[in-house]
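Multiple structures are listed underneath, in C-alpha coordinates.
Two complexes follow with subunit A in common, the first pairing it with subunit B and the second with subunit C.
And now, the complex of A and B:
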(Lines of atoms letter the chains of each structure in order from A and count residues from 1; the text may use other names and numbers.)
(Lines give C-alpha, C1' and ligand atoms only; values in the text may rest on other atoms or scores of the structure.)
Protein backbone atom coordinates (compact mmCIF):
# COMPACT_ATOMS: atom_id res chain seq x y z
CA UNK A 1 0.00 0.00 0.00
CA UNK A 2 1.34 3.44 -0.87
CA UNK A 3 1.98 5.94 1.91
CA UNK A 4 -0.52 8.67 2.79
CA UNK A 5 1.48 11.47 1.19
CA UNK A 6 1.47 9.64 -2.11
CA UNK A 7 -2.20 8.78 -1.83
CA UNK A 8 -3.07 12.41 -1.07
CA UNK A 9 -1.02 13.55 -4.06
CA UNK A 10 -2.71 11.00 -6.28
CA UNK A 11 -6.12 12.25 -5.17
CA UNK A 12 -4.98 15.81 -5.89
CA UNK A 13 -3.63 14.80 -9.27
CA UNK A 14 -6.88 13.10 -10.25
CA UNK A 15 -9.33 15.61 -8.80
CA UNK A 16 -7.57 18.91 -8.15
CA UNK A 17 -7.51 20.24 -11.74
CA UNK A 18 -4.10 21.70 -10.89
CA UNK A 19 -2.01 23.32 -13.62
CA UNK A 20 1.05 21.66 -12.05
CA UNK A 21 1.71 18.01 -11.29
CA UNK A 22 0.44 17.24 -7.81
CA UNK A 23 2.98 14.46 -7.58
CA UNK A 24 5.81 16.99 -7.50
CA UNK A 25 4.32 19.19 -4.76
CA UNK A 26 6.10 19.47 -1.44
CA UNK A 27 4.20 18.84 1.79
CA UNK A 28 3.93 22.52 2.67
CA UNK A 29 3.31 23.93 -0.81
CA UNK A 30 0.19 26.08 -0.81
CA UNK A 31 -2.33 24.27 -2.99
CA UNK A 32 -4.44 27.37 -3.60
CA UNK A 33 -1.39 29.29 -4.79
CA UNK A 34 -0.69 26.32 -7.02
CA UNK A 35 -4.06 26.68 -8.66
CA UNK A 36 -6.53 24.69 -6.54
CA UNK A 37 -9.94 26.32 -7.03
CA UNK A 38 -12.77 26.24 -4.50
CA UNK A 39 -14.78 23.97 -6.76
CA UNK A 40 -11.89 21.58 -7.26
CA UNK A 41 -11.28 21.50 -3.51
CA UNK A 42 -14.80 20.09 -3.15
CA UNK A 43 -13.92 17.24 -5.53
CA UNK A 44 -10.68 16.68 -3.61
CA UNK A 45 -12.57 16.53 -0.33
CA UNK A 46 -15.03 13.93 -1.64
CA UNK A 47 -12.25 11.86 -3.23
CA UNK A 48 -10.22 11.92 0.01
CA UNK A 49 -13.26 10.67 1.89
CA UNK A 50 -13.49 7.73 -0.51
CA UNK A 51 -9.79 6.99 -0.55
CA UNK A 52 -9.34 7.09 3.23
CA UNK A 53 -12.83 5.94 4.22
CA UNK A 54 -13.52 8.94 6.45
CA UNK A 55 -16.07 11.74 6.54
CA UNK A 56 -14.95 15.29 7.15
CA UNK A 57 -17.13 16.85 9.88
CA UNK A 58 -18.52 20.35 9.36
CA UNK A 59 -15.81 21.86 11.55
CA UNK A 60 -13.17 20.72 9.04
CA UNK A 61 -15.05 21.98 5.99
CA UNK A 62 -12.81 25.03 5.76
CA UNK A 63 -10.42 26.34 3.19
CA UNK A 64 -7.43 25.77 5.52
CA UNK A 65 -8.09 22.04 5.82
CA UNK A 66 -7.14 21.56 2.16
CA UNK A 67 -4.40 24.18 1.85
CA UNK A 68 -1.46 21.74 1.62
CA UNK A 69 -0.59 18.06 1.56
CA UNK A 70 0.57 18.42 5.18
CA UNK A 71 -2.69 20.08 6.25
CA UNK A 72 -4.73 17.36 4.57
CA UNK A 73 -2.66 14.67 6.26
CA UNK A 74 -3.16 16.36 9.63
CA UNK A 75 -6.91 16.52 9.09
CA UNK A 76 -7.02 12.87 8.08
CA UNK A 77 -4.99 11.93 11.15
CA UNK A 78 -7.44 13.79 13.38
CA UNK A 79 -10.20 11.63 11.89
CA UNK A 80 -8.34 8.45 12.71
CA UNK A 81 -7.53 7.58 9.13
CA UNK A 82 -4.62 5.23 8.68
CA UNK A 83 -1.97 7.78 7.91
CA UNK A 84 1.65 6.93 8.52
CA UNK A 85 4.24 9.68 8.55
CA UNK A 86 6.81 9.22 5.91
CA UNK B 1 -42.58 31.64 6.27
CA UNK B 2 -43.04 33.83 9.35
CA UNK B 3 -46.42 35.30 10.16
CA UNK B 4 -45.05 38.78 9.46
CA UNK B 5 -44.06 37.66 5.95
CA UNK B 6 -47.45 35.99 5.53
CA UNK B 7 -49.23 39.22 6.55
CA UNK B 8 -47.12 41.33 4.20
CA UNK B 9 -47.68 38.86 1.35
CA UNK B 10 -51.45 39.07 1.83
CA UNK B 11 -51.30 42.86 2.01
CA UNK B 12 -49.39 42.99 -1.29
CA UNK B 13 -51.97 40.71 -2.90
CA UNK B 14 -54.93 42.65 -1.47
CA UNK B 15 -53.40 45.88 -2.75
CA UNK B 16 -53.18 44.27 -6.21
CA UNK B 17 -49.42 44.75 -6.38
CA UNK B 18 -48.81 41.00 -6.65
CA UNK B 19 -51.01 38.28 -8.07
CA UNK B 20 -50.05 34.68 -7.24
CA UNK B 21 -49.17 32.73 -10.38
CA UNK B 22 -49.98 29.14 -11.25
CA UNK B 23 -47.16 27.61 -9.20
CA UNK B 24 -45.59 28.20 -5.81
CA UNK B 25 -43.11 31.03 -5.88
CA UNK B 26 -44.49 32.41 -9.14
CA UNK B 27 -45.93 35.91 -8.92
CA UNK B 28 -47.35 38.33 -11.45
CA UNK B 29 -46.56 41.96 -10.77
CA UNK B 30 -48.92 44.90 -11.28
CA UNK B 31 -47.89 47.74 -13.57
CA UNK B 32 -47.53 49.91 -10.45
CA UNK B 33 -45.02 47.41 -9.05
CA UNK B 34 -43.24 47.38 -12.41
CA UNK B 35 -43.18 51.18 -12.55
CA UNK B 36 -41.08 51.09 -9.39
CA UNK B 37 -38.85 48.44 -10.99
CA UNK B 38 -38.37 50.67 -14.06
CA UNK B 39 -37.58 53.56 -11.73
CA UNK B 40 -34.86 51.54 -9.98
CA UNK B 41 -33.42 50.47 -13.34
CA UNK B 42 -33.03 54.07 -14.47
CA UNK B 43 -31.82 55.24 -11.06
CA UNK B 44 -28.95 52.72 -10.86
CA UNK B 45 -28.18 53.00 -14.57
CA UNK B 46 -27.67 56.75 -14.25
CA UNK B 47 -25.24 56.15 -11.37
CA UNK B 48 -23.14 53.95 -13.63
CA UNK B 49 -23.14 56.28 -16.60
CA UNK B 50 -19.85 57.99 -15.66
CA UNK B 51 -17.89 55.52 -17.77
CA UNK B 52 -18.54 53.83 -21.12
CA UNK B 53 -20.05 50.38 -20.78
CA UNK B 54 -21.75 47.82 -22.93
CA UNK B 55 -25.45 47.76 -22.10
CA UNK B 56 -27.40 44.58 -22.77
CA UNK B 57 -30.82 43.22 -21.97
CA UNK B 58 -29.93 39.53 -21.95
CA UNK B 59 -32.09 36.62 -22.90
CA UNK B 60 -33.53 34.47 -20.17
CA UNK B 61 -32.06 31.41 -21.86
CA UNK B 62 -28.61 29.87 -21.81
CA UNK B 63 -27.10 26.88 -23.52
CA UNK B 64 -27.13 24.36 -20.69
CA UNK B 65 -23.43 23.61 -21.25
CA UNK B 66 -22.74 27.05 -19.78
CA UNK B 67 -24.09 25.90 -16.41
CA UNK B 68 -21.67 22.98 -16.41
CA UNK B 69 -18.68 25.07 -17.51
CA UNK B 70 -19.25 27.67 -14.82
CA UNK B 71 -19.60 24.93 -12.14
CA UNK B 72 -23.13 26.13 -11.43
CA UNK B 73 -24.41 22.56 -11.85
CA UNK B 74 -22.05 21.32 -9.14
CA UNK B 75 -22.64 24.23 -6.79
CA UNK B 76 -26.40 24.62 -7.07
CA UNK B 77 -27.89 21.51 -8.72
CA UNK B 78 -31.09 22.07 -6.77
CA UNK B 79 -31.55 25.63 -8.03
CA UNK B 80 -31.07 25.20 -11.76
CA UNK B 81 -33.81 24.82 -14.33
CA UNK B 82 -33.27 23.07 -17.65
CA UNK B 83 -35.89 22.97 -20.38
CA UNK B 84 -37.29 19.86 -21.96
CA UNK B 85 -39.15 19.19 -25.20
CA UNK B 86 -40.71 16.26 -26.97
CA UNK B 87 -37.89 15.01 -29.18
CA UNK B 88 -39.13 11.49 -29.84
CA UNK B 89 -40.62 10.25 -33.09
CA UNK B 90 -44.27 10.37 -33.97
CA UNK B 91 -44.77 6.74 -33.00
CA UNK B 92 -44.49 7.78 -29.34
CA UNK B 93 -47.15 10.44 -29.75
CA UNK B 94 -50.11 8.20 -28.87
CA UNK B 95 -48.52 7.41 -25.52
CA UNK B 96 -47.98 11.10 -24.87
CA UNK B 97 -51.60 11.88 -25.72
CA UNK B 98 -52.69 9.00 -23.54
CA UNK B 99 -50.73 10.28 -20.58
CA UNK B 100 -51.98 13.85 -21.00
CA UNK B 101 -55.61 12.74 -21.31
CA UNK B 102 -55.42 10.38 -18.35
CA UNK B 103 -53.72 12.96 -16.15
CA UNK B 104 -50.56 10.86 -16.10
CA UNK B 105 -46.96 12.07 -16.00
CA UNK B 106 -46.33 13.24 -19.56
CA UNK B 107 -43.19 15.15 -18.53
CA UNK B 108 -41.32 11.82 -18.32
CA UNK B 109 -41.56 11.63 -22.09
CA UNK B 110 -39.76 14.92 -22.58
CA UNK B 111 -35.99 15.23 -23.03
CA UNK B 112 -33.59 18.05 -22.22
CA UNK B 113 -33.49 20.34 -25.25
CA UNK B 114 -30.11 21.91 -24.52
CA UNK B 115 -31.50 25.10 -23.01
CA UNK B 116 -31.44 26.26 -19.43
CA UNK B 117 -32.85 29.26 -17.59
CA UNK B 118 -30.18 31.70 -16.44
CA UNK B 119 -29.67 32.02 -12.70
CA UNK B 120 -27.90 35.39 -12.82
CA UNK B 121 -27.67 38.15 -15.40
CA UNK B 122 -23.87 38.09 -15.61
CA UNK B 123 -23.83 34.39 -16.53
CA UNK B 124 -24.79 35.42 -20.06
CA UNK B 125 -21.69 37.58 -20.47
CA UNK B 126 -18.81 35.18 -19.79
CA UNK B 127 -19.71 32.67 -22.53
CA UNK B 128 -20.05 35.58 -24.96
CA UNK B 129 -16.38 36.37 -24.30
CA UNK B 130 -15.17 32.77 -24.61
CA UNK B 131 -11.70 32.62 -26.12
CA UNK B 132 -11.47 36.43 -26.29
CA UNK B 133 -8.77 38.78 -25.17
CA UNK B 134 -10.23 41.79 -23.36
CA UNK B 135 -8.70 45.28 -23.71
CA UNK B 136 -5.96 46.41 -21.31
CA UNK B 137 -8.33 48.26 -19.00
CA UNK B 138 -10.90 45.49 -19.06
CA UNK B 139 -14.51 45.51 -20.18
CA UNK B 140 -17.44 46.95 -18.33
CA UNK B 141 -21.01 45.81 -18.82
CA UNK B 142 -24.38 46.87 -17.56
CA UNK B 143 -26.74 43.97 -18.07
CA UNK B 144 -30.17 42.83 -17.06
CA UNK B 145 -31.93 39.50 -17.34
CA UNK B 146 -34.95 37.69 -16.03
CA UNK B 147 -33.54 34.89 -13.88
CA UNK B 148 -34.78 31.64 -12.41
CA UNK B 149 -33.80 29.79 -9.29
CA UNK B 150 -35.74 26.73 -8.26
CA UNK B 151 -36.56 27.44 -4.63
CA UNK B 152 -40.35 27.28 -4.34
CA UNK B 153 -41.66 29.43 -1.51
CA UNK B 154 -44.71 31.56 -0.85
CA UNK B 155 -42.42 34.34 0.35
CA UNK B 156 -42.50 37.02 -2.38
CA UNK B 157 -38.84 37.72 -1.51
CA UNK B 158 -38.05 34.35 -3.07
CA UNK B 159 -39.74 34.57 -6.45
CA UNK B 160 -38.77 31.78 -8.83
CA UNK B 161 -38.70 34.30 -11.66
CA UNK B 162 -37.03 37.59 -10.90
CA UNK B 163 -34.84 40.17 -12.56
CA UNK B 164 -31.36 41.35 -11.89
CA UNK B 165 -29.50 44.45 -13.10
CA UNK B 166 -25.76 43.98 -12.89
CA UNK B 167 -22.58 45.94 -13.43
CA UNK B 168 -19.96 43.44 -14.56
CA UNK B 169 -16.22 43.85 -15.02
CA UNK B 170 -13.93 41.46 -16.91
CA UNK B 171 -10.22 42.27 -17.08
CA UNK B 172 -7.13 42.58 -14.91
CA UNK B 173 -7.20 41.58 -11.23
CA UNK B 174 -6.84 45.10 -9.78
CA UNK B 175 -9.68 46.34 -11.96
CA UNK B 176 -11.98 43.51 -10.90
CA UNK B 177 -11.34 44.11 -7.20
CA UNK B 178 -11.69 47.88 -7.57
CA UNK B 179 -14.96 47.42 -9.48
CA UNK B 180 -16.54 45.41 -6.68
CA UNK B 181 -15.32 47.87 -4.04
CA UNK B 182 -16.61 50.86 -6.01
CA UNK B 183 -20.03 49.29 -6.50
CA UNK B 184 -20.39 48.02 -2.94
CA UNK B 185 -19.98 51.63 -1.83
CA UNK B 186 -22.04 53.10 -4.66
CA UNK B 187 -24.79 50.49 -4.35
CA UNK B 188 -25.04 51.14 -0.62
CA UNK B 189 -25.30 54.88 -1.18
CA UNK B 190 -27.93 54.43 -3.89
CA UNK B 191 -30.14 52.14 -1.83
CA UNK B 192 -29.75 54.20 1.34
CA UNK B 193 -30.72 57.17 -0.80
CA UNK B 194 -34.09 55.45 -1.25
CA UNK B 195 -34.61 55.36 2.51
CA UNK B 196 -33.62 51.72 3.03
CA UNK B 197 -31.65 50.64 6.11
CA UNK B 198 -28.84 48.37 4.99
CA UNK B 199 -26.09 46.24 6.31
CA UNK B 200 -23.17 44.82 4.33
CA UNK B 201 -22.52 41.21 5.30
CA UNK B 202 -20.37 38.37 3.92
CA UNK B 203 -22.53 36.32 1.55
CA UNK B 204 -23.96 33.01 2.53
CA UNK B 205 -24.87 31.42 -0.79
CA UNK B 206 -26.98 28.26 -0.56
CA UNK B 207 -24.38 25.90 -2.05
CA UNK B 208 -25.69 22.35 -2.15
CA UNK B 209 -24.97 19.65 0.43
CA UNK B 210 -21.82 19.07 2.48
CA UNK B 211 -19.64 20.12 -0.40
CA UNK B 212 -21.58 23.34 -0.24
CA UNK B 213 -20.45 23.95 3.32
CA UNK B 214 -16.86 23.95 2.09
CA UNK B 215 -17.77 26.32 -0.73
CA UNK B 216 -19.46 28.77 1.65
CA UNK B 217 -16.54 28.61 4.09
CA UNK B 218 -14.17 29.22 1.22
CA UNK B 219 -16.23 32.12 -0.12
CA UNK B 220 -16.30 33.76 3.30
CA UNK B 221 -12.62 33.19 4.06
CA UNK B 222 -11.67 34.69 0.72
CA UNK B 223 -14.06 37.58 1.37
CA UNK B 224 -15.20 37.05 -2.19
CA UNK B 225 -18.83 38.05 -1.96
CA UNK B 226 -20.75 40.56 0.08
CA UNK B 227 -24.46 41.13 0.31
CA UNK B 228 -26.43 44.24 1.07
CA UNK B 229 -29.22 43.06 3.32
CA UNK B 230 -32.40 44.89 4.29
CA UNK B 231 -35.92 44.13 5.48
CA UNK B 232 -37.78 42.81 2.41
CA UNK B 233 -41.01 41.09 3.40
CA UNK B 234 -40.39 41.10 7.16
CA UNK B 235 -37.91 42.65 9.55
CA UNK B 236 -35.60 39.68 9.01
CA UNK B 237 -32.98 41.02 6.62
CA UNK B 238 -32.43 39.43 3.22
CA UNK B 239 -30.09 40.23 0.34
CA UNK B 240 -31.30 42.91 -2.06
CA UNK B 241 -27.93 43.37 -3.77
CA UNK B 242 -24.56 41.71 -3.81
CA UNK B 243 -21.00 42.35 -4.92
CA UNK B 244 -18.97 39.35 -5.97
CA UNK B 245 -15.31 39.08 -6.95
CA UNK B 246 -14.90 35.80 -8.85
CA UNK B 247 -11.11 35.77 -9.22
CA UNK B 248 -10.24 33.83 -12.37
CA UNK B 249 -13.22 31.47 -12.01
CA UNK B 250 -15.09 32.56 -15.15
CA UNK B 251 -11.93 33.63 -16.98
CA UNK B 252 -10.57 30.10 -16.68
CA UNK B 253 -13.87 28.39 -17.39
CA UNK B 254 -14.39 30.30 -20.64
CA UNK B 255 -10.82 30.97 -21.72
CA UNK B 256 -10.97 34.74 -21.38
CA UNK B 257 -7.60 36.51 -21.24
CA UNK B 258 -6.27 40.01 -20.66
CA UNK B 259 -4.15 41.89 -23.18
CA UNK B 260 -1.10 40.83 -21.16
CA UNK B 261 -1.95 37.19 -21.77
CA UNK B 262 -3.08 36.48 -18.19
CA UNK B 263 -6.36 34.80 -17.37
CA UNK B 264 -9.02 37.50 -16.93
CA UNK B 265 -10.50 38.19 -13.51
CA UNK B 266 -14.10 39.24 -13.09
CA UNK B 267 -16.44 40.82 -10.60
CA UNK B 268 -20.03 41.93 -10.57
CA UNK B 269 -22.46 43.96 -8.57
CA UNK B 270 -26.11 42.95 -8.80
CA UNK B 271 -29.31 44.75 -7.92
CA UNK B 272 -32.19 42.37 -7.19
CA UNK B 273 -34.95 44.49 -8.69
CA UNK B 274 -38.04 42.80 -7.25
CA UNK B 275 -36.47 42.48 -3.82
CA UNK B 276 -35.51 46.15 -3.78
CA UNK B 277 -39.04 47.01 -4.88
CA UNK B 278 -40.52 44.84 -2.11
CA UNK B 279 -38.15 46.41 0.41
CA UNK B 280 -39.39 49.85 -0.67
CA UNK B 281 -43.04 48.81 -0.23
CA UNK B 282 -42.13 47.32 3.15
CA UNK B 283 -40.33 50.50 4.19
CA UNK B 284 -42.57 53.21 2.76
CA UNK B 285 -45.98 51.50 2.60
CA UNK B 286 -48.09 50.02 -0.17
CA UNK B 287 -49.32 53.36 -1.53
CA UNK B 288 -46.66 54.68 -3.87
CA UNK B 289 -48.33 58.10 -3.85
CA UNK B 290 -47.60 58.38 -0.14
CA UNK B 291 -43.88 57.60 -0.43
CA UNK B 292 -41.42 60.37 0.56
CA UNK B 293 -41.25 62.92 -2.25
CA UNK B 294 -37.48 62.53 -2.58
CA UNK B 295 -37.85 58.77 -3.16
CA UNK B 296 -40.64 59.38 -5.67
CA UNK B 297 -38.45 61.91 -7.46
CA UNK B 298 -35.40 59.61 -7.51
CA UNK B 299 -37.46 56.84 -9.08
CA UNK B 300 -39.34 59.19 -11.39
CA UNK B 301 -42.70 57.97 -10.06
CA UNK B 302 -44.57 61.25 -10.51
CA UNK B 303 -44.93 61.08 -14.28
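And now, the complex of A and C:
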Protein backbone atom coordinates (compact mmCIF):
# COMPACT_ATOMS: atom_id res chain seq x y z
CA UNK A 1 0.00 0.00 0.00
CA UNK A 2 1.28 3.50 -0.83
CA UNK A 3 2.09 5.92 1.97
CA UNK A 4 -0.14 8.96 2.38
CA UNK A 5 2.31 11.41 0.80
CA UNK A 6 2.51 9.26 -2.32
CA UNK A 7 -1.26 8.85 -2.45
CA UNK A 8 -1.77 12.62 -2.13
CA UNK A 9 0.74 13.26 -4.92
CA UNK A 10 -0.94 10.65 -7.12
CA UNK A 11 -4.30 12.37 -6.58
CA UNK A 12 -2.70 15.72 -7.41
CA UNK A 13 -1.09 14.25 -10.52
CA UNK A 14 -4.39 12.82 -11.76
CA UNK A 15 -6.69 15.69 -10.81
CA UNK A 16 -4.64 18.83 -10.18
CA UNK A 17 -3.97 19.81 -13.80
CA UNK A 18 -0.56 20.99 -12.69
CA UNK A 19 2.01 22.05 -15.30
CA UNK A 20 4.64 20.26 -13.23
CA UNK A 21 4.83 16.66 -12.04
CA UNK A 22 3.07 16.39 -8.68
CA UNK A 23 5.22 13.38 -7.93
CA UNK A 24 8.30 15.61 -7.68
CA UNK A 25 6.76 18.19 -5.32
CA UNK A 26 8.14 18.55 -1.83
CA UNK A 27 5.82 18.48 1.16
CA UNK A 28 5.88 22.25 1.66
CA UNK A 29 5.89 23.37 -1.97
CA UNK A 30 3.07 25.85 -2.62
CA UNK A 31 0.61 24.10 -4.90
CA UNK A 32 -1.01 27.33 -6.07
CA UNK A 33 2.36 28.78 -7.05
CA UNK A 34 2.92 25.51 -8.92
CA UNK A 35 -0.23 26.03 -10.97
CA UNK A 36 -3.12 24.58 -8.95
CA UNK A 37 -6.29 26.52 -9.82
CA UNK A 38 -9.27 26.94 -7.53
CA UNK A 39 -11.40 24.76 -9.76
CA UNK A 40 -8.78 22.03 -9.90
CA UNK A 41 -8.56 22.11 -6.11
CA UNK A 42 -12.22 21.06 -6.05
CA UNK A 43 -11.41 18.00 -8.15
CA UNK A 44 -8.44 17.26 -5.90
CA UNK A 45 -10.68 17.45 -2.84
CA UNK A 46 -13.28 15.09 -4.32
CA UNK A 47 -10.61 12.64 -5.44
CA UNK A 48 -8.99 12.75 -1.99
CA UNK A 49 -12.37 11.88 -0.49
CA UNK A 50 -12.49 8.83 -2.72
CA UNK A 51 -8.90 7.81 -2.02
CA UNK A 52 -9.03 8.24 1.76
CA UNK A 53 -12.72 7.49 2.36
CA UNK A 54 -13.37 10.81 4.11
CA UNK A 55 -15.55 13.86 3.51
CA UNK A 56 -14.22 17.38 3.75
CA UNK A 57 -16.64 19.55 5.76
CA UNK A 58 -17.41 23.08 4.61
CA UNK A 59 -15.03 24.51 7.19
CA UNK A 60 -12.12 22.87 5.33
CA UNK A 61 -13.25 24.04 1.89
CA UNK A 62 -10.76 26.87 1.92
CA UNK A 63 -7.68 27.76 -0.02
CA UNK A 64 -5.28 27.03 2.84
CA UNK A 65 -6.41 23.39 3.08
CA UNK A 66 -4.93 22.59 -0.34
CA UNK A 67 -1.89 24.87 -0.36
CA UNK A 68 0.65 22.04 -0.01
CA UNK A 69 1.01 18.29 0.34
CA UNK A 70 1.74 18.86 4.03
CA UNK A 71 -1.42 20.95 4.47
CA UNK A 72 -3.52 18.29 2.76
CA UNK A 73 -1.99 15.61 4.96
CA UNK A 74 -2.83 17.69 8.04
CA UNK A 75 -6.42 18.14 6.89
CA UNK A 76 -6.78 14.43 6.22
CA UNK A 77 -5.39 13.68 9.66
CA UNK A 78 -8.00 15.99 11.20
CA UNK A 79 -10.66 13.94 9.41
CA UNK A 80 -9.36 10.69 10.86
CA UNK A 81 -7.82 9.34 7.67
CA UNK A 82 -4.95 6.87 7.88
CA UNK A 83 -2.06 9.10 6.85
CA UNK A 84 0.89 7.93 8.93
CA UNK A 85 4.13 7.81 6.96
CA UNK A 86 5.57 4.36 6.34
CA UNK B 1 -15.87 55.34 -1.09
CA UNK B 2 -13.68 52.99 -3.08
CA UNK B 3 -14.39 50.81 -6.08
CA UNK B 4 -13.12 47.27 -6.26
CA UNK B 5 -12.94 45.11 -9.36
CA UNK B 6 -12.53 41.34 -9.50
CA UNK B 7 -12.25 39.16 -12.60
CA UNK B 8 -11.79 35.48 -13.27
CA UNK B 9 -11.89 32.95 -16.09
CA UNK B 10 -12.88 29.29 -16.17
CA UNK B 11 -12.45 26.64 -18.86
CA UNK B 12 -15.84 25.17 -19.71
CA UNK B 13 -14.36 21.77 -20.56
CA UNK B 14 -12.82 21.57 -17.11
CA UNK B 15 -16.25 21.94 -15.55
CA UNK B 16 -17.69 19.37 -17.97
CA UNK B 17 -14.97 16.89 -16.98
CA UNK B 18 -15.72 17.45 -13.29
CA UNK B 19 -19.40 16.77 -13.90
CA UNK B 20 -18.54 13.51 -15.64
CA UNK B 21 -16.00 12.45 -13.01
CA UNK B 22 -17.80 13.45 -9.82
CA UNK B 23 -21.39 14.23 -10.82
CA UNK B 24 -23.69 15.30 -8.04
CA UNK B 25 -20.90 15.47 -5.45
CA UNK B 26 -19.18 18.13 -7.53
CA UNK B 27 -22.38 20.11 -7.99
CA UNK B 28 -23.46 20.05 -4.36
CA UNK B 29 -20.14 21.26 -3.00
CA UNK B 30 -19.92 24.33 -5.20
CA UNK B 31 -23.33 25.45 -6.40
CA UNK B 32 -26.60 26.25 -4.62
CA UNK B 33 -29.80 24.40 -5.47
CA UNK B 34 -31.05 27.48 -7.31
CA UNK B 35 -27.86 27.72 -9.37
CA UNK B 36 -28.01 24.03 -10.27
CA UNK B 37 -31.63 24.33 -11.36
CA UNK B 38 -31.01 27.48 -13.40
CA UNK B 39 -28.01 25.92 -15.14
CA UNK B 40 -29.90 22.80 -16.17
CA UNK B 41 -28.89 20.30 -13.50
CA UNK B 42 -25.89 18.06 -13.79
CA UNK B 43 -25.98 17.34 -17.49
CA UNK B 44 -22.80 17.93 -19.50
CA UNK B 45 -24.70 20.66 -21.31
CA UNK B 46 -24.89 22.60 -18.05
CA UNK B 47 -21.11 23.05 -18.01
CA UNK B 48 -21.19 26.32 -19.94
CA UNK B 49 -23.52 28.03 -17.47
CA UNK B 50 -21.86 26.46 -14.44
CA UNK B 51 -18.43 27.64 -15.62
CA UNK B 52 -19.79 31.17 -15.70
CA UNK B 53 -21.11 30.79 -12.15
CA UNK B 54 -17.76 29.45 -10.96
CA UNK B 55 -15.81 32.31 -12.55
CA UNK B 56 -18.24 34.76 -10.94
CA UNK B 57 -17.79 33.23 -7.49
CA UNK B 58 -14.02 33.46 -7.84
CA UNK B 59 -14.29 37.08 -8.97
CA UNK B 60 -16.39 37.83 -5.89
CA UNK B 61 -13.72 36.20 -3.69
CA UNK B 62 -11.26 38.67 -5.16
CA UNK B 63 -13.30 41.75 -4.26
CA UNK B 64 -13.91 40.39 -0.77
CA UNK B 65 -10.17 39.97 -0.28
CA UNK B 66 -8.21 37.55 1.90
CA UNK B 67 -8.99 37.59 5.60
CA UNK B 68 -9.25 35.18 8.50
CA UNK B 69 -12.77 34.32 7.37
CA UNK B 70 -12.93 32.36 4.11
CA UNK B 71 -16.42 31.99 2.62
CA UNK B 72 -17.46 28.79 0.90
CA UNK B 73 -18.47 28.77 -2.75
CA UNK B 74 -22.11 28.14 -1.84
CA UNK B 75 -22.25 31.31 0.24
CA UNK B 76 -21.95 33.23 -3.03
CA UNK B 77 -25.04 32.64 -5.16
CA UNK B 78 -25.01 33.80 -8.78
CA UNK B 79 -28.25 34.07 -10.72
CA UNK B 80 -29.17 35.29 -14.15
CA UNK B 81 -32.37 37.31 -14.39
CA UNK B 82 -34.85 37.02 -17.25
CA UNK B 83 -33.51 40.38 -18.41
CA UNK B 84 -30.13 38.74 -18.96
CA UNK B 85 -28.47 40.53 -16.08
CA UNK B 86 -26.52 38.49 -13.56
CA UNK B 87 -26.88 39.07 -9.83
CA UNK B 88 -24.95 38.05 -6.72
CA UNK B 89 -26.40 37.20 -3.33
CA UNK B 90 -24.03 36.77 -0.40
CA UNK B 91 -24.86 34.64 2.62
CA UNK B 92 -23.15 33.56 5.84
CA UNK B 93 -19.49 34.46 6.15
CA UNK B 94 -19.45 35.99 2.65
CA UNK B 95 -22.14 38.46 3.71
CA UNK B 96 -20.33 39.14 6.99
CA UNK B 97 -17.08 39.79 5.17
CA UNK B 98 -18.77 42.19 2.77
CA UNK B 99 -20.51 44.04 5.61
CA UNK B 100 -17.27 44.33 7.56
CA UNK B 101 -15.73 46.08 4.57
CA UNK B 102 -18.68 48.31 3.80
CA UNK B 103 -19.45 46.54 0.55
CA UNK B 104 -23.05 46.98 -0.53
CA UNK B 105 -24.21 46.28 -4.03
CA UNK B 106 -22.07 44.05 -6.22
CA UNK B 107 -22.45 44.31 -9.99
CA UNK B 108 -21.55 41.38 -12.19
CA UNK B 109 -21.11 40.49 -15.85
CA UNK B 110 -20.57 36.97 -17.21
CA UNK B 111 -19.53 35.99 -20.73
CA UNK B 112 -18.78 32.68 -22.44
CA UNK B 113 -16.89 32.20 -25.69
CA UNK B 114 -14.29 29.93 -27.20
CA UNK B 115 -14.52 27.36 -24.43
CA UNK B 116 -13.91 29.97 -21.73
CA UNK B 117 -16.27 31.62 -19.25
CA UNK B 118 -15.30 34.97 -17.80
CA UNK B 119 -16.76 37.09 -15.04
CA UNK B 120 -16.13 40.65 -13.95
CA UNK B 121 -17.37 41.98 -10.63
CA UNK B 122 -17.50 45.59 -9.49
CA UNK B 123 -18.15 46.41 -5.84
CA UNK B 124 -18.44 49.73 -4.04
CA UNK B 125 -17.05 49.92 -0.53
CA UNK B 126 -17.96 52.69 1.88
CA UNK B 127 -14.54 52.29 3.48
CA UNK B 128 -11.42 53.88 2.13
CA UNK B 129 -8.61 51.67 0.88
CA UNK B 130 -6.63 52.31 4.08
CA UNK B 131 -9.53 51.19 6.29
CA UNK B 132 -9.61 47.54 5.16
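The rule is short, and it goes like this: the second predicted complex is superposed on the first by the 85 of 86 C-alpha atoms of A that agree within 3 Å, B and C clash if a C-alpha of one lies under 4 Å from a C-alpha of the other, contacts with A are read in each partner's own complex, and residues count from 1 in each chain.
Everything that follows uses one rule, which is that contacts are C-beta pairs under 8 Å (C-beta built on N, C-alpha and C of every residue); 3 or more make two chains touch, one makes a residue touch a chain.
Computed from a predicted model, the values in this text were never measured in an experiment.
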Which of subunit B and subunit C A:30 touches, first, second, both or neither: neither
Which superposed partner A:63 touches (first subunit B, second subunit C, both, neither): both
Touching partner for A:74 - first (subunit B), second (subunit C), both, neither: neither
Which superposed partner A:82 touches (first subunit B, second subunit C, both, neither): neither
Which of subunit B and subunit C A:41 touches, first, second, both or neither: first
Which superposed partner A:53 touches (first subunit B, second subunit C, both, neither): neither
Set of subunit A residues, in rising order, touched by both subunit B and subunit C: 38-39, 42, 45-46, 58, 61-64
Subunit C-touching residues of subunit A, taken from the complex the two chains share: 17, 38-40, 42-43, 45-46, 49, 58, 61-64
Contact footprint of subunit B on subunit A as seen in their complex: 37-39, 41-42, 45-46, 56, 58, 61-64, 66
Subunit C - residues contacting subunit A, complex: 10-11, 14-15, 18, 21-22, 25-26, 29-30, 54, 58, 70, 72-74
In the complex, subunit B residues that touch subunit A: 71, 74-75, 210-211, 213-215, 217-219, 221-222, 249, 252
